[in-house]
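The chains carry the letters A, B and C, assigned in the order they are written, with residues numbered from 1 in each.
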Amino acid sequence: MLNYTVQRLIQAVIAIFGVLTIVFVVMHLSGDPTLLLVPQDASAEMIAELRRQLGFDRPIWVQYLDYLYGLAQLDFGMSVVQRVPAFDIVASRIPYTVQLAAGALVVAIGVGIPAGIIMATMRGSAIERFLAAVVVTGQSVPTFLSAILLIFIFGVTLRWLPTSGAGEFRAMIMPSIALGALSMSTFARMTRIAIIDELSKDYVRAGLARGLSLGETVFRHVLRNASIPVITIAALEIGNLLAGAVIIETVFAWPGIGQLAIQSIQARDFLVVQVIVLLISFVYVLTSVLADLVYVVVDPRIRLVR
Amino acid sequence: MKLKLATVAAVVLGLMASAAFAQTKETLTIDLPNDAATLDPHLQWNTDSYTVYRNIFDNLLTRDTSGKIVPQIATEWKYDGDKTIIFKIRDDVTFQDGSKLTAEDVAFSMNRIIDPALKSPQLSQFDQIEKAEVVDPTTVKVTTKSPYPALLAQLVKLSIVPKSYVEKVGDQDFNLKPMGSGPYKMVEWKKGIQTELEANDKYWRGNPPFKKVVFRAVPDVSTRIADLKTGKADLIREVPPDQASAIESDSNTKLLAGETERVGYLYINAEAGPTKDVRVRQAIAYAIDKQGLVDALLEGYGKPVNVVGAEPIFGYTDAVEGYPFDPEKAAQLIKEAGAEGATVEFLTSPSYPRALVEAIQQMVNEVGLNVTISSSDQATFLKRRQGDAENAGGMAFGAWSCACQDADGIIFPLFRSGSIWAKYKNEKYDALVDEARIILDEQKRKELYAQAYEILREDVPGLGLYQVYALYGVSKNLQWQPTANEAMFVMDMSWQQ
Amino acid sequence: MIASARAFTQRLRRVPLSVIVVSILLTIIIVLAVFAPLVAPADPNNQTLLARLKAPGFTYRGVTYWLGTDDLGRDLLSRTLYGAGVSLGVAVLSVIVSTLVGVSLGMLAGWFRGWTETIIMRLVDIMMSIPAILLAVLTVAVLGPGFLKLVLVLGLTRWPRYTRVAYAQTLQVSNLPFIKASELAGAGAVRILFHHVLPNIAGPILIVATAEFGLMILMESGLSFLGLGIQPPAASWGSIMSVGRQYLERAWWIVAVPGVCLFLLVFSVNVLGDWLRDQLDPRSRSR
């Protein structure tokens, strides 16, 4: 077990390192920010001079080693655009991203899991078919479309909810729904499958044969057993929600990491992008390691190889 | 008796006016497309940054609503020879921490921005300054490398920073906690989200109109408009002309249009590709229906221009005839040049109006060329547009303003050979704009620019399309007069119920 | 004859109505996309600046715009029809690219094991821990936008999903007795992988591909929405909507028309994909 954990963690570190390297190379292939920083009337010499001052004239491998050297000392570098440590910039956005992800998770779980339970226990009914349609719809509407529809209906026309910004609870409602819709579908499906799996097991059949009602069986036993795969999904969805917010955050002017990522890529603010990528891949890898471990703990029969 | 009545009337009017002011608003909220990149006024010079920090600082000089350069921190100035200019500094100005603003701070501000160690992206705007020296506590002497007529126009953009404070906290902290002598003090900067300013009640020009000002970053234009309509914002910038009617028709909002010095223009590569032939370039100029573009896509918020420059700039001339819309003549020129069906690459990025680019593409295609659009992100666009002529595309749209209201700030960087933007070389033209850059005689400069514009008309390395009107959406209670240089000083605004 | 016809109708009867409806819908969309040049009433790129932002049914100089016009006075119906081809084309081609890359690598890793396996599967780990949309935005910054580049970007960011499935399946299949037998009989690795392994793992791959197909359409429209899609004046549904977003109040149809089409397409693909999964996945057949 310990051995497996260590092995998994080493793999995780390699993966994160690989991610950083790939992103570093791709970013540098796309040019550097000097041209975006200088005023329009700068001369070629001045641009070259600023490029030299900022260190972008050095060969890419020198810049890479320089970056790694800083990283080894937990120095994530300065943003060339804002002249502030890149880590501070990203850190200031984390609370917003966490808020939004949490809001979306509440929507996804609050709607998805009950829907999944109903779909699994009331198979063949009209309500199951209706929910199935809702679930597929949630999966089929592009997030930006649902976002602009929500703004148009509840923001501009009815004026019930604020159209943008962060800081008040009401501002969180629309982005959470738009972002949570896709995860909602995932949760509903997974819950449905997990419960159906459980329902076909012997102990349930036996219970039903002994005269326990379906509802009782579900709430007493099935839910607890079915919750494990669902928890795993939840862990993986957190990573997806962090990254999936890119478009939603732009539309709702939500100052989270997704919006920052797009802006920093466009501004070629390399070191900020690196910190964001580092953070997201860290969360991705961490949650998937945790999910693996949860599986193993719950069901020791799972082979410890991948 | 008569006099008394007049006095009473004046008092009553005054009372009414102050009653109107009494209902004033506590907080003014302004939606910008982006957050300020830096609040150190000597670092980033982009609209979203300076819109915020220029309210925290005072400038050495400023412009009045008519565009004339007028005193702000400097009270008067005079040339001492061709390359030296002496500024008298106000002695009644204090910084927000109570310390006095002196000639030391003014000289420090200039020397700081031209110091290579600061790595200021604005360096190129001030690099003609050799040095600034303190003569006495209210006098500063500025020396330029050569006679430099655009100096005053550039100094309009120079914010005065407090020397002792900057030296005490260091560059990095000064950027995070800027402190100046302007009408507003920084309270809190939530990076990427909003900047909150608070009135400086000891401001030397009087009380600022709002207790608090909040600048919010709202990247999506539809969201900015929704914010204005729902009252979440009182002022929004960069309203697309298409959306103007939506703001005008709403009873709670109004549209402000400022005729700017910014000119929408088309760059045409004179050094590579099919456009190397001057007939092809002239054909493109004849092919474009400027009035049609302004009427349809700008909904009338713009004015066709005859040269690459708009009326508010020094050196603008109406003597040069613009190209009329004449598709037949254009087609004929293309035929003469043997360029029928030649492929011309039209570079653009999401920062430029897509509809306009597509409309121009169709107009030019209709006279016989084959225009293909290459849209990339801004960084890649600039790399190609400013790089080698061979790879710089055949055309590109741009909207240029130097915020200095001088032809030198437009046609010098755009077309002087050797400049990063120029894909054009004409020695006669170069000589004209070089000379106009280093003489102080205004009449002579005007004549030189008129000649330079005539050459540009003939060679068409670029085509002036229209004068840009900056469109702002504001709450119906906000009183403000937008300016040609697109500055946004809260001090010039007021609120009336 | 009669018996087989009856068997056919019986089998058809087991197909849920919803699946039949979406199949018809999907067929219509594909046919319209393929024959757009024949079906479209106008040139999708032809502008009429005097007929901008006109509502559906507007007639100008004898031309009727059945679904209205966009901000340059182009016929929205024609643009939507042509846009279907772009949206579908990008999705189909990028799924093909990622399937080819992903499945080959997965089979190689599962068959050869050893360091091949280590390298490929670690690369999969790396790719899977970069959010797809971020990677796509980054690669577009390097490659620039455009139809083929979009296919490459999407195809090359999504292959690891196929690799994981192909790898796991190959591991399982390679232990089957008949494959062991043909290996002993001296068949080459390529031959075995193509003739024996591939047919056996095609089912699960198809499941991944259908799920990915819907996602690809959404990703393409998302990138186009951010202005990183194909080059104007060509349009995909996503880029039409990106334009229309500004005109929501003045010209709702610019968003509504491609929006509804996009929804119907992805909805159909998802319903069909779910049904296909139930048919192919023995584990879920009982459900």
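The rule is simple: a contact is a pair of C-beta atoms (placed from the backbone, for glycine too) under 8 Å apart; a residue touches a chain by one contact, two chains touch by 3 or more.
Keep in mind it's a predicted model, so treat the numbers as computed, not measured.
The most centrally placed chain, judged by C-alpha centroids, is A. The interface with the greater count of contacting C-beta pairs, when A-B is set against B-C, is A-B. Taking each chain's centre as the mean of its C-alpha atoms, chain A lies 22 Å from chain C.
Averaged C-alpha coordinates give centres for chain A and chain B that are 40 Å from one another. Distance from the chain B centre to the chain C centre is 45 Å, each centre being the mean of its Cα atoms.
Among the residues of chain A, those in touch with two or more other chains are 30, 148, 156, 250, 266.
In chain B, the residues that touch at least two other chains are 222, 377, 379-380.
Each of the following residues of chain C touches two or more other chains: 141, 245, 248-249.
Chain contact summary for the complex, chain A toward chain C: residues 11, 14-16, 18-19, 22-23, 26-27, 29-30, 136-137, 139-145, 148, 152, 156, 193, 196, 200, 239-240, 242-244, 246-247, 250, 261-262, 265-266, 273, 276-277, 280-281, 284-285, 306.
Of all the residues in chain A, the ones that touch chain B in their complex are 30-31, 33, 35-44, 46-47, 49-50, 53-54, 81-84, 89, 92-93, 96, 148, 151, 155-156, 159, 162-166, 250-253, 255, 259-260, 263, 266-268. The part of chain B that touches chain C in the complex is made up of residues 221-222, 240, 242-243, 245-246, 292, 296-297, 350, 354-355, 357-359, 361-362, 372-377, 379-380.
Note for the complex: chain C touches chain A at residues 121-123, 125-126, 128-134, 137-139, 141-142, 214, 218, 221-222, 225-226, 238, 241, 245, 248-249, 255, 259, 262-263, 266-267, 270-271, 274, 284, 286-287.
Put simply, chain C touches chain B in their complex at residues 45-47, 49-50, 52-53, 71-72, 140-141, 144-145, 227-228, 231-233, 243, 245-250.
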